[in-house]
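In this document, chain identifiers A, B, C, D, E and F correspond to the written order of the chains, with residue numbering beginning at 1 in each.
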Amino acid sequence: MKKLRFERVPTHIPGFDKLVNNGFKKRSMNLIIGGAGSGKTIFSVAYLVNGILKHNEPGMYITFEEKKEELYENMSEFGWDLAKLEKEKKFIFLEYSPERVKKLLVEGGGLIENIITRYNIKRLVIDSITSFVLLYQDELTKKEAALSLFGLLRSWGCTTLLTSEKYIVNMDKVEGGGLEFEVDSIILLYHVKEKGIRKRAIEVLKMRGTKHIEKTLKMEITGTGVTIYPNRIVIFKHEEND
Amino acid sequence: MKKLRFERVPTHIPGFDKLVNNGFKKRSMNLIIGGAGSGKTIFSVAYLVNGILKHNEPGMYITFEEKKEELYENMSEFGWDLAKLEKEKKFIFLEYSPERVKKLLVEGGGLIENIITRYNIKRLVIDSITSFVLLYQDELTKKEAALSLFGLLRSWGCTTLLTSEKYIVNMDKVEGGGLEFEVDSIILLYHVKEKGIRKRAIEVLKMRGTKHIEKTLKMEITGTGVTIYPNRIVIFKHEEND
Amino acid sequence: MKKLRFERVPTHIPGFDKLVNNGFKKRSMNLIIGGAGSGKTIFSVAYLVNGILKHNEPGMYITFEEKKEELYENMSEFGWDLAKLEKEKKFIFLEYSPERVKKLLVEGGGLIENIITRYNIKRLVIDSITSFVLLYQDELTKKEAALSLFGLLRSWGCTTLLTSEKYIVNMDKVEGGGLEFEVDSIILLYHVKEKGIRKRAIEVLKMRGTKHIEKTLKMEITGTGVTIYPNRIVIFKHEEND
Amino acid sequence: MKKLRFERVPTHIPGFDKLVNNGFKKRSMNLIIGGAGSGKTIFSVAYLVNGILKHNEPGMYITFEEKKEELYENMSEFGWDLAKLEKEKKFIFLEYSPERVKKLLVEGGGLIENIITRYNIKRLVIDSITSFVLLYQDELTKKEAALSLFGLLRSWGCTTLLTSEKYIVNMDKVEGGGLEFEVDSIILLYHVKEKGIRKRAIEVLKMRGTKHIEKTLKMEITGTGVTIYPNRIVIFKHEEND
Amino acid sequence: MKKLRFERVPTHIPGFDKLVNNGFKKRSMNLIIGGAGSGKTIFSVAYLVNGILKHNEPGMYITFEEKKEELYENMSEFGWDLAKLEKEKKFIFLEYSPERVKKLLVEGGGLIENIITRYNIKRLVIDSITSFVLLYQDELTKKEAALSLFGLLRSWGCTTLLTSEKYIVNMDKVEGGGLEFEVDSIILLYHVKEKGIRKRAIEVLKMRGTKHIEKTLKMEITGTGVTIYPNRIVIFKHEEND
Amino acid sequence: MKKLRFERVPTHIPGFDKLVNNGFKKRSMNLIIGGAGSGKTIFSVAYLVNGILKHNEPGMYITFEEKKEELYENMSEFGWDLAKLEKEKKFIFLEYSPERVKKLLVEGGGLIENIITRYNIKRLVIDSITSFVLLYQDELTKKEAALSLFGLLRSWGCTTLLTSEKYIVNMDKVEGGGLEFEVDSIILLYHVKEKGIRKRAIEVLKMRGTKHIEKTLKMEITGTGVTIYPNRIVIFKHEEND
């Protein structure tokens, strides 16, 4: 028997792709979990911008909360000119209410699918999935809705990043609203204080069909986006084990 | 009085069978509890594939969430060609909604039973039981439904693995939704960080009528599936006792 | 004033009877609390089997969940031939739904009482009481139902063991669903990990009218049942105090 | 201004009275909080029996759960012949349902008051108040009912002990169902493990208008009841402070 | 710009006034939070009695639970003759149900206001506010009711102490039912065990417009009331930081 | 690509502006989270007063709870003459019920917008947002209302501070009622005890589009307001990591 070789979608985020065998799996659903200020949006936009600049792959950013102008302003800090990319039809910004996504699930997602087809979108970011999850009351309907959404997303054929607004306090207790069992990969973004200084770290918790690095690594937000240091293992106090 | 000698169903997962007196008890119900990325699916599919390849025992994989194509792709990473086994009628993939299982309990399970009989299924995996458990609101109906389901499963005569999506944070507080008191065995899959590196471990918490190893042992996901190291006891920080 | 000398019902479980002044109090209600795999069923059946073999006292095992065949199979591991004892009318197996117990409380328990009288049952095990407790929603009705059940049980005149499915994580916070204040004794079965190896221990938390040993002692499941080591105090990590 | 000298009701429990300025305040309401096996019933009955034997003060024991025969049997262990004291009209045993107490609050408590007057009851024990508290759903009605009950109890003029079934895990977080703010004193009975051996201790948490000892002291259940060791401070692990 | 100099209301409780710039702010609302036996009532009554004796300022004590006779008895322990002060129209005792306070909020508080005017009340104690807070179900109506009550209290022009029945376990997590954000000051009374001995301490958590001492200080209940030791910092175990 | 240079709004709070690249982003929404006594109001008013005195920028203070007179009195402690600034039409005090804000969201905010336009308000403080958040029951409507409010606030064009009443116990678990994911920046105010002395600290948890200092720094309330010490890192006990 021969192994299937998954096609990979590199992020070109310095230090990241090597952790996961050269990038996300093509057409996969990937969950980025982190608290406020952990860098979810920067990570996600870097993924899209690098797709455009290095692979000429158009990307779409769907959001329930971010305002376009502010996002563009904030991202300019990293040298990313989203307005220009938008004019070139490479970067599509879509503000969308959670209710409309809900409706989408019933109707079949025509509008977004049209955009994806017309602009040949390859990379998709939904920032964040949390408001969508809040629409559903009990755990079962939540799980069912997530399954429907994931079905829709898969039918679009993009490689998708979903961000989830959660503080990761205890690293052994990741709660992603039940989504973490359906997605193809889970990336954890830590933002934890040590000796009075808050630090960032990243961990690939799972990636289906991929032998990935199982270390929690230092991550920094720099002037040009996000950088990961594959040789800098980050140990938080409550997991010391000497 | 003489002891009854239970028939055993070996998993052929390297290192596992010795822990439990040569395998699962024939016709038993076994609960595999673990969080996202802990290796539940790989463990379960290894059990099925080994049954086919080493014993020519057909196996069925019932899932509420996994997509066939993706599962097949992901499992190919370990050298398992599920599509080929499916064509040979040795591996049966069944996507099934929790609601249909619920209905099954009322009607008596004809459809699945037919498949089991027709293909002579010996090994059964339900991955995962969590969505099914979510269908029931209170603890009593949950327990009753589990008892009904287990009754049905036993009537089919397979040796069954049920996976449960739970993070095992505190090793002394395993919550399996009440199922853990009804099943014949409980296998815990740990995925816990130590000094910034996430590690896997396995423990047989109980196995009725079986003198099993009571150690928590190192487990790894390798290129060929899952491997257990019977001589490598894993000690987590919060249970140190010196 | 002279002390009343309670009649005692020895379990003949090696090491146990000395802890509690030669056995359970005659006609008492005793609660065995432990998690999955802690040995509640083996302890309870040992109590019944020893009653039959050493005192010729018939015993009854009422269960809501265990299947007779499987119980018999599992217990054969310890050299106990329950099928043979059943044929000799010494061991009575009764599968009973929680709802029927509920009904029993209203009607007065005729059926079971008849069996007890006919077979001269002296030792009774209810394994487990948990499903029964789940039938009642609020704490008060739960307590009232327990009082009714206990009234019924006392009227039958047996020496009774009730098992309760609870993990005993924190040894100072035993939750028995409110039952622990009504019963005559509470036996805790621990199943806790230390340095990667799960160990068993037993503690007599209370026994009314009895000066009992207040130590937590090593317990093992052996080829012949349960053994307690009265000289082996077990100290769990979180209660160290030096 | 001169201090009022409260009349004191000694318990004659060895070591206790000195802690609280020679005994409970006359006509006071005193809450004894402890878990299963902590010694609440033995402490309470000792208080009543000593009142009878040393002061010729009749006592009443109101219970919602204990059976008379069993209580008498259990207490005989300490040399207390309650049946004899009952025949002499010194010890009154009253089994009473929580609902009847509820009704009592509406009607004004004639029946019990009659008994108290007829037998000249001076010492009263309610063992335990927990079932009564469970009758009320929300915190406010619970508090109001407690205030009504306490009003009734005060009108009877006895010195009263109320037991409450609570495990005292964290010594700084005593939850007495809101009662602890209304009573005149709170006595805590600890039953905590240390190095595998369960030990007893007692603490007077508050006593209004009384300068009491603020230490947690060793308590033992002996062949003659309860003994307190005023010179043996008990330190639990989680309050060490070196 | 010149600072306004708030008028101060000294408590004359030994050691306290210096902590808070010579006393409570005139006409302020002050919350005293502490558990059972922490000394809330003694602190509050000392505040009233000292106002009468040292400043000839009449005081009112509104309670939902304390009985007058018992309060007077208990307070006599500290040499305070409340009955005499009451006869002199200096000390007003008012037993008041929470429901009546609720009604008061709707009607505007005529009755109490009349008393305040007639007796020229300057110092007011409400002991305790907890039952009042229980009247309201959700957090918003609770907060609104508190705002109404505080508006009423402010209109009366007294300097007010409100006691709140809470155990202060974790000093960084003070829960005062939402009241703590509306009041002018918060005083915490600790009653915590150390090495088996319970000790008292006091802390001024906030006082608006006042530069107060930010230390937790030893407090004792003595024969003459409450004493605070401004030079004795109390360190609890869980806040050590060496 | 060139970076956009955000306009900055300096607070002139000693030590603060340097932490955040010279001040808040112009027209941004900034969340100040802290417990009772942490200094939220002083910080916010300092921001407004400094805007008036150093930049001649009028400011508005919207509150749901603070009384004008008391606020003015309390703030006079720091040398701030709010009454005078109000007369000069530089400081606008607006007491506003949460319900009216709710109504505002539906109607579009005409009244406040009029004030902002008429007085040319540049700096806005809402102290606190907590009561507003309490108006909404479930997390989704809460988030939607916050988004509406933020839309309104952005349309007004002010640089806004919102205070939130939360104790920050665990620095890795900041709960801002879901608001923390929508705002442009989060400032944490700590008020934590160390060795019996309560201390203040400040941390900028996130600021979009801004490279900010990631340290927790000493903060003090002084005679002239708030001062931050950029060289004094504050380490709380539970984050030590040596």
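Please note the rule applied: a residue touches a chain if its C-beta (ideal position, glycine included) is under 8 Å from a C-beta of that chain, and two chains touch if they have at least 3 such contacts.
Please read these numbers as outputs of a predicted model, since none were measured by experiment.
Both chain C and chain E are touched by D. With contact taken as defined at the outset, there is no chain that touches chain B as well as chain C. Number of steps on the shortest path from chain D to chain F, with steps defined by chain touch: 2.
Although chain C and chain D share one sequence, what matters here is the overlap of their interface residues, and that overlap falls short of half of the numbers used. Here the spacing of chain A and chain E, counted between their Cα centres, is 52 Å.
For the pair chain E and chain F, the distance between C-alpha centroids works out to 30 Å. Annotation: 60 Å between the Cα-based centres of chain B and chain E.
Within chain E, contacts with two or more other chains are made by residues 236.
Taken as a contact graph, the chains are arranged in a single closed ring, with each chain touching exactly two others.
Those residues of chain E that touch chain F in the shared complex are 1-4, 6, 138-140, 143, 147, 154, 170-174, 176, 180-182, 184, 186, 203, 205-206, 208-211, 214-217, 233-236, 239-241. Within the complex formed with chain E, the residues of chain F that make contact are 35-37, 65, 67, 70, 73-77, 79-81, 84, 98, 128, 130-131, 134-135, 165, 167, 169, 191-199, 221, 223, 235-237.
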